[in-house]
Each structure stands twice: as structure tokens, then as C-alpha cells.
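Next, two complexes with chain A in common: one pairs it with chain B, the other with chain C.
Let's turn to the complex of A and B:
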């Protein structure tokens, strides 16, 4: 291909990409606007989880009562999710970015204890799973599976473990000091000993 | 099965470690991971062969089967694993190769080192190009992940440095740097083609890869925002040296037809400079992807100065949509411009439009069907010289696939 033709092709491509990028920016701006207005699906559940209080090291229902009524209501919402870690873990909160990087396999160890992060989540197609993927990962369950299939078959890292039963999932966290899990908030009623809920900042 | 010496070393090492971890489960942080994938594909074309170059009346098939095994040690910072891939394209001899076999150590999120036979990070999809379930289309876009260039970019025996750096609240910058050998041997298609070409001129003539001159290196930067908008830039260089095989008929050298080689000289050296640019955006059920590839090759004969030999520019646009948990579809448009001194006439341009559907029967089995419309001859399978390449105006193909992953 002649140099002139190649340059023309590059310019055409650059123009198309620029237009695409502008369209995407517009889309993104719209998304921000709707988020501010509180209309965006997914935002609701993540905001709810901002209110989730720490139930550190405790498993008794009496400790759960410490939540104020609105927080408790948010937790019982069928679509809300909560983040649970082992009660020996010193952290009290985690931000969205950290949570996202953990579930993308980019953070693989707890910085304080140097322990391996064992990542669990309740079925991606469950309401809590979908809510988590949409608001934190900004992915559908399909895209989340695709992402991890790519990682597994390119030898990048092991995927988070998907577990169908909330009780089994919580038991994994209780047994595993490096564990972190996304669970349906309603399942916190039966939080076993050895688990605690952490705040999402 | 054809193994290079290095591949044999990887295999032995990894087998020993796998056995060791099985016998000493306390040393390993996890149980062994096994995964399998495979596919059966059928192609029907109305004019030319697509992908499979020995088909009859444009019909052909190919099969793939892969198996990987891996484990993590030392608090999951050390990863050891390998993947074996068997591919059969049409009547091509069944070939079983090591797809990747590597040892990786993760120091922290910012620094990971890996050593071994690594699948190259090339564009968005090279590492997963053979894994059917990672995309809606049957094959990774052939404009960028061309089967004819597979050996040049697919894998390297290399040392890789990778990492992820969070950039404030905007996203993550991933980097990748690599240095090593392109995974091209004397049994590779590119080597066989050279030998066939020269053998047709001078019987008994054969060339060997000169490993001392085989180098592959490059880097990749990818920035992904928290909203799953990704930008990618990559630069890669390959260098191959070929020498005359030792068993060359001495009379050919004595005749003066071929000058004796000096130290460090190769009969043929090829340099390829490869650039890839990409943009990808995932928004709910939509995924938009576009990549641009630029390859410039130069060659040198008998140590003379390098001269341009081949250049390719290609791009594609792809839109995916997930209708529901089972159904998804895609639409793609691609273009390739090629200037080659041997295979194609100057300024050959080809376009490729395709669309297809994917049906996930369950998490393990997938059915796919797609239609392709080609204009031009670049996507015709095979490596020979096409006498009537300019007469190829428009042709089409349909492709079906059944795939599984576990």
C-alpha cells in the first residue's frame, strides 16, 4: 500500500474513532447526569450499602439491632448486597475501587496481613449478584463470566468462587481468614460466628 | 507431537511440580485447577476457501481441543501452569502443541514476573483467541488476529513484566513488557513455506532458524476506566534469522551460487515492526470494540541492508449485544490493506462484513452460526501466490460451530 494511501486510511480511522469517542463521552455524561438525579439503576443498591454498618466480630442478633431502622431496611431489601469478611480481619471498610479491583483479580492479597484474598460471591445471576455486578463492576453476569473465562484460559489467575447457597458462602468466610464475599443482605440475619460485615465507602 | 528443547524443559518442570503438589498438598495453597475447552467448526463458502485451505468446493472443517492445569503456591503468589492445544485445520496434520507453560510470581499488584512459553498480550484478544466461549463470533477478528500471522504474534518463550496501576478514581493502567524468542521453529508454517519456496528453485536447499538471531520484544499499555472503557496501545518487534541447513549440497556452495556465510551472517533475516491500537467499551448488554493493526516488515539477504518487503494495515469495528442469558449477536466490519512483493499485488484491499448469533445451551455448551461477506482476496486461506487475486470481487461464507468449556 502506498504511503499516501496508508496515511489517508489512518486519518479516516482516527476520525471515526474520535467520533466514536465523542459519542461515548456523551453517553457517559448522560450517565453521570442520571446518576446525580438518582435515576440510574444500580445506584440505588450501592448507596444503600454505603449505609451498612459494621457488625464486627459479632454474630448475635442483638448486635444486628444496632443498625438503625433505615439501614436495616436497606439490608433486608431483596436486591441489596453486603460485604462480609472473616472476623479476624482488621479492616472495617472498603471502597468501591478496591472492591472492583479485587473482583477483577488485580488485588490478590490483603495489604496488612499479606494473606491471600479468597474471593466468593453469591451466584452472579441472583438478585444480589446482579446488583453487585451492575453497581460495582458495571458488568452483566455474562460479561463477568466472559472476563474470567479469558483470565483462566490465558493462565492469569483463578476466578472468584461462585456459591449458590448463602449459608455455605458465609461458612467459607468463617473458615477462611483471607475470605471476602458478596452476600444477599437478607442472609445477614443468620450471620455465623467468625464473620463480620464491612462498610462500602 | 513436536517439542522444542525448551518446551520439553517446561513440560518436565511443570509435571514434576504438579506431582510434587499432589503428593504434598500442604505446600500448595489450593487444589489443582483443570479446565478443558473444545470446538467443532464447519465452513461453507460459495467461491473460495476461508481459513481452511484444502477444502473442496469451499467446504471445510476444523477442530480444537485444549486442556490446562495449574496450581498456586507460596501464599498464591507463585503460579505454575500449562495448557496443551490440539488443532486440526481441514486435512492438515493433527498437531498437538503446548499453548502456554509458565511460572509466574506476583510481588504485588504493580509487579508480576512470568517466565516460560507465554501467550503474547497482543491486542485485546490474543491470549483468548482459541477460547470460543470468550466471544460471540466464532473466530477472533481475522483483520487483527489473522491465522496467517498466528505464529508471529501468538506466543513467545519470554520473560514478561506486568502490572496494574490504579490512576486516582479514573481507572487502572495496565502495562506489559516482554523480551524473548518468538515461538517459531523449523516445523512452523512460516519456516516450511520458505523451504518449499527455495526448494522449488534449488532442490536440496533448506534453511534453519538461527536461534541466536531470534528476538521478540515489545510493550503494551492499556487504560481501563471504572466504566469499562478501555484504550490500548501496543508496539512489538520480531526478528528472525534463517541460515542454510548444514546438509546443503556442497556443490551448490562450491559452484559459487551461494557465498560462504561469515560469522553472524544469515542467508535471510526478517524484521517485523507491529503496532496495535484499540478501543473497547462495555455498557450494560452492549460491547463496542475496534482495533487497528499496522505491520511493516523488512528483510535482508546475505547480510545486506534491510529493505521493505511487506506491509499490512487493518482495522475492524465490532458491536456485540446480549439479548438474554442464552442469546447474543454481533455485527462486524473489517478492512485490510496489504502491500506485498510476493503474495499480493500492490495496494490490495479487502473488506470483510460478518454477523452472527450465539446460543448458550448452558454454561458449558455453545452453538454459533455466522455469515461472512468478503470483497477481495486477502481472507482466502492458504499461503500460495494467487494468480487471479484481483479478479476476486465478492464471495461469501457461512460458518457453524459447537463448542464446550469446562
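Let's turn to the complex of A and C:
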């Protein structure tokens, strides 16, 4: 087979494969947009615009944060998350932007005490983790992992620590003055000494 | 040699303990992460620069350390063992990808000193971290041009560099930005550039990135160096790059453009002028499958008509679980006859890799 013919065949093969992939992607994208809310890729979906509201918790010194949607309210026990810091920390509240910047690694120290922030969160694929990532970080767990994979392996920053157990996570906050953690609100029933819940403004 | 073996054994042992023992892993002053990649490559054609035998490759195993001696100081290091390193047999490669100290002056400003990646474009800082990108290899035209037909053997910028850096990041409304400036020894082949420069003029590099709230990220990089390389005759080097990234939802694309010049006063071509670009489209569905298409192009010398090379890749990245991905792709290499590496021998290569991040 001549070189020219061989090259032509490869170009044809590449074109066919490319077109097939593009077609599949387009079909799947159309399927998604028709079955969901009709938003085009790249625009904000209704899920991304969910407001975060504060809902009084049954526990004494805490407030629960839940997604302000009927679906979220229906599953409030499993999906709501709270923000916990060490009880020696003087802050009582934090706003959404600050919280996002902390978990993006852009805020690295507590402004009040100058102490280094040690950031923990309940595993991203847990219901509370997903709820936090969706409402505050505007990311899926996969995008959050990828964001930190790039940052860590490029030497840019150390990652927040993911912990599977709420009790272990709370113990780390109790032991660590610079700690901040996202936990499932239901785990606050057993809030250990040395931890306190702060409000999300 | 014994000392190196002892240090390696100690590091691996500590890392093993760290990975196995949550208490050490979660110590606020030490974090250990890492990644590994196992690959297979097979070239279908007889001629070409691929692997006609179909070989497995224990590509790399890296450990990444972040140590915090104080609240403001971070020491970071990436140790790599490549291609099944066996120093006794002189096989593979053991290297320090980076090792630096970083002092946080305030949250938005950090100062760094040590060996580090050149902050240029999208891929240079993550080029060994296979879990951090979709394809089996990073783009060759823009990141490995010396292996893609640049006969001069000079990259657009060095992969690693030693010196000082200032880093800044912040918010502009709801948009994010960051920039970095590096003053370093630069690159040359006369001395070890991570220890001693061969000239008094330092290299200067930098990058600015701006991310819009809607997911579009733009960036620009530059690198300026005085090579004064007595071996090759190369002198001043200047490169700049532009990048565009967009991946707010399942659909995404990347575009990177690099242009560079190298002076060679004593050579037949006193000013080497070259440029390259990479474009990639991808789409993720079911949170698991990400098919991708990438096209790369390099013109290694604008004064020569028939030396270009290009690479078209079609593949899929499959996420097997949160820490392992499987990559399968076909790479179609094509070049002009004057290309220093490929010499017009077009070929197709099958590549597959398992990439693990932890």
C-alpha cells in the first residue's frame, strides 16, 4: 500500500471515529437537556442556583443548613450539613464566599488568630458532602477531586482532608485549634467537647 | 549508593505507614499523597517512533509530601520512581520533581524557593500526574516539542527550574485570578542548572490566569532565558503562550498556543522561530466515561517548509472508582519528510494506561 493511500486511510478512520464520538455526545447531550430542565450546557442549571437557608436545628448550640428546595427538605436529615470549628475559635459565623474560598485553598489562615486553617470534610460522595459541594462549591464530587488533584500534584497547595467517619472528623476539630469541618448535621447530636458549630451567613 | 538505598527505604516505609495509618496521614503538619501509572503501547505500523513490540511500562510511582513546620511555612516535595527504577542495573529514573519551601506572607501572597516546575501553560505542572488529565500522555507539540521534531532539542521552556518565585491569587468580583513570577537559573547543558548557572543573567518566567464565573479560564505565560550554551551555541530564548479552558459542565475544551524564538548567532539560522498548538474536546457522561479528541501541531522552524508534525488522538477515559482511571486511545502521528524526529513516517499507535491517585 502506498504511503499516500495509507495516510488517507488513517485520516478517514480518524474522521469517522471523531464524527461517531461527536454524534454520540450530541445525542447524549440532547437526551440530558430534554429530560432535565432544558438548560444548555454551560448555563447555570436550576440546581446550581439553589439558595442555602438556615433552618433551626433540634440540637442546642447549632443550626442546620439545608438546601431550600422541596426535594432537599424532604431529605433534610440525610442531606443537611453543618460547619464545625474548634471551640477556642472566636468566630461565630462565616459567609458562603469565605467558606468556598477556604475549600478552594485560597484562604489559608484564620484572620482573627492568624492560625493556619486545617480543613476537613466528610467524604465528598456522602449525602452531606454532595450537598455542601453543590450548594457552596458549585461542584460535583468529581470536579472537586479533580480540582484538588491538579493543585496537589502541581505542588500548588496541600489538600483538605477527607474523612469517612463523622466521629473521627469531630475529634480532629476538637484536637486542632485551626480546624474547620463540614459534617452531617445529624452527627451533631454527639458533638464532643472542644467543638462548636458556626452559622452560615 | 548504600545511603541512597537507606533513604529510599526509609521514605517508602514512612509512606507505607502513612498510607496505612489514618492518624499519621491526618497529622495537621504532614500530608502524603501520590500517584502511579501503568501503561501499554503498541505501534501498528513497521516504520515510526512507536513501540512495534507492544510493551508494558511501569511508568511511574510518585509520592507527594506537604509538610508544615510552622503555620506560615510549607515544604513540598514530589519524589518519583520511573520505569521500574533499579539503580543496580542502571534502569529507570529516580528524580526529585520538585522540592521547595513556601512562605505565606499573607493569604494572597506566597514566596517560594527551591526546585519547582516552570509555571507555563496548562500542562507543565501536572505533566507527570497522570490522574490529573484525561489522555495517556501530556501534549507533545507544546510540552515535549524536543521529542516532536524540534531538531534543535530545545524545549519552549524548561520543565523544571531552580530559584525564587512569587505567587499571588485573589478574587475580582466573582471571578478568580492568579499569577506567578519565577526568577531562576533557567536551562543549559553546561552545568547542573539546579545547582549552578552558567551565566550571570537569570531566567524570568511567569503566568497570569483569569477564571470567569461561567467557567471560562484564560491564561498567558512567558519565559525568557539567557542560555549562553557553549555546547550548542544557543543564546537568548523567549517563549510565550496563551491558554483557554472551559469545563463548567460535562462538555469541555482546552486550547493552548505556544510561540518561541531562540538566538543562535553562530549557526546557519541565527534566529530559530517555532510555534505549536494543542486543542482538545471532551464530554463526560454517566460521571464515568469521558471520550476525548485532541489535535496537536508543531512547526519546529518557520524558515523550513517541510518539517511540521501533527498528532490526532481519539480516546476514552473511564473512571473505575474515585482514585483509578483507565485510558484507552489511538494516536495518529503524521509529519513532513523534513521533520527531525518522524521524517515523514506516519504511524498509528494504540495506548492504554491505568492511572491511580491517592
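Note that the second predicted complex is superposed on the first by the 125 of 201 C-alpha atoms of A that agree within 3 Å, B and C clash if a C-alpha of one lies under 4 Å from a C-alpha of the other, contacts with A are read in each partner's own complex, and residues count from 1 in each chain.
Operating definition for what follows: a residue touches a chain if its C-beta (ideal position, glycine included) is under 8 Å from a C-beta of that chain, and two chains touch if they have at least 3 such contacts.
No experiment lies behind these values; they were computed from the predicted model shown.
When the shared chain is aligned, chain B and chain C each come close enough to touch A:116.
When the shared chain is aligned, chain B and chain C each come close enough to touch A:142. By the document's definition of touching, of the two partners only chain C reaches A:176; chain B does not.
Of the two partner chains, chain B and chain C are each touched by A:101. Once the two complexes are overlaid on the shared chain, A:152 sits against chain B and chain C alike. Common to the chain B and chain C contact sets on chain A are residues 6, 10, 13, 17, 21, 24, 28, 97, 101, 106-109, 114-116, 125, 140-142, 145-146, 149-150, 152-156, 158.
Chain C contributes residues 22, 26, 28, 31, 33, 35, 62, 64, 66, 68, 71-72, 74, 76, 78, 98, 100, 104, 107-108, 116-117, 125-126, 128-129, 131-132, 169-171, 176, 214-215, 246, 248-251, 283-285, 287, 291, 293, 312, 314, 319, 322, 330, 332, 334, 344, 346, 348, 357 to its touches with chain A in the complex. Chain A makes touch with chain B in their complex at residues 1-2, 5-6, 9-10, 13, 16-17, 20-21, 24, 27-28, 31, 96-97, 100-101, 106-109, 114-116, 125, 138-143, 145-146, 149-150, 152-158.
Remark: chain B residues 29-30, 33, 35, 37, 66, 68, 70, 72, 75-77, 79, 81, 83, 100, 102, 104, 106, 108-109, 119, 127-128, 131, 133-135, 164, 166, 169, 172, 226-229, 279, 281-285, 287-288, 290, 292, 311, 313, 315, 317, 322, 325, 328, 335, 337-339, 346-349, 363, 405 touch chain A in the complex. Every residue of chain A that touches chain C in the complex is listed here, in rising order: 3, 6-7, 10-11, 13-14, 17-18, 21-22, 24-25, 28-29, 32, 41-42, 97, 101, 104, 106-109, 114-116, 118, 125, 140-142, 145-146, 149-150, 152-156, 158-159, 161, 163, 168, 172, 176, 178-179.
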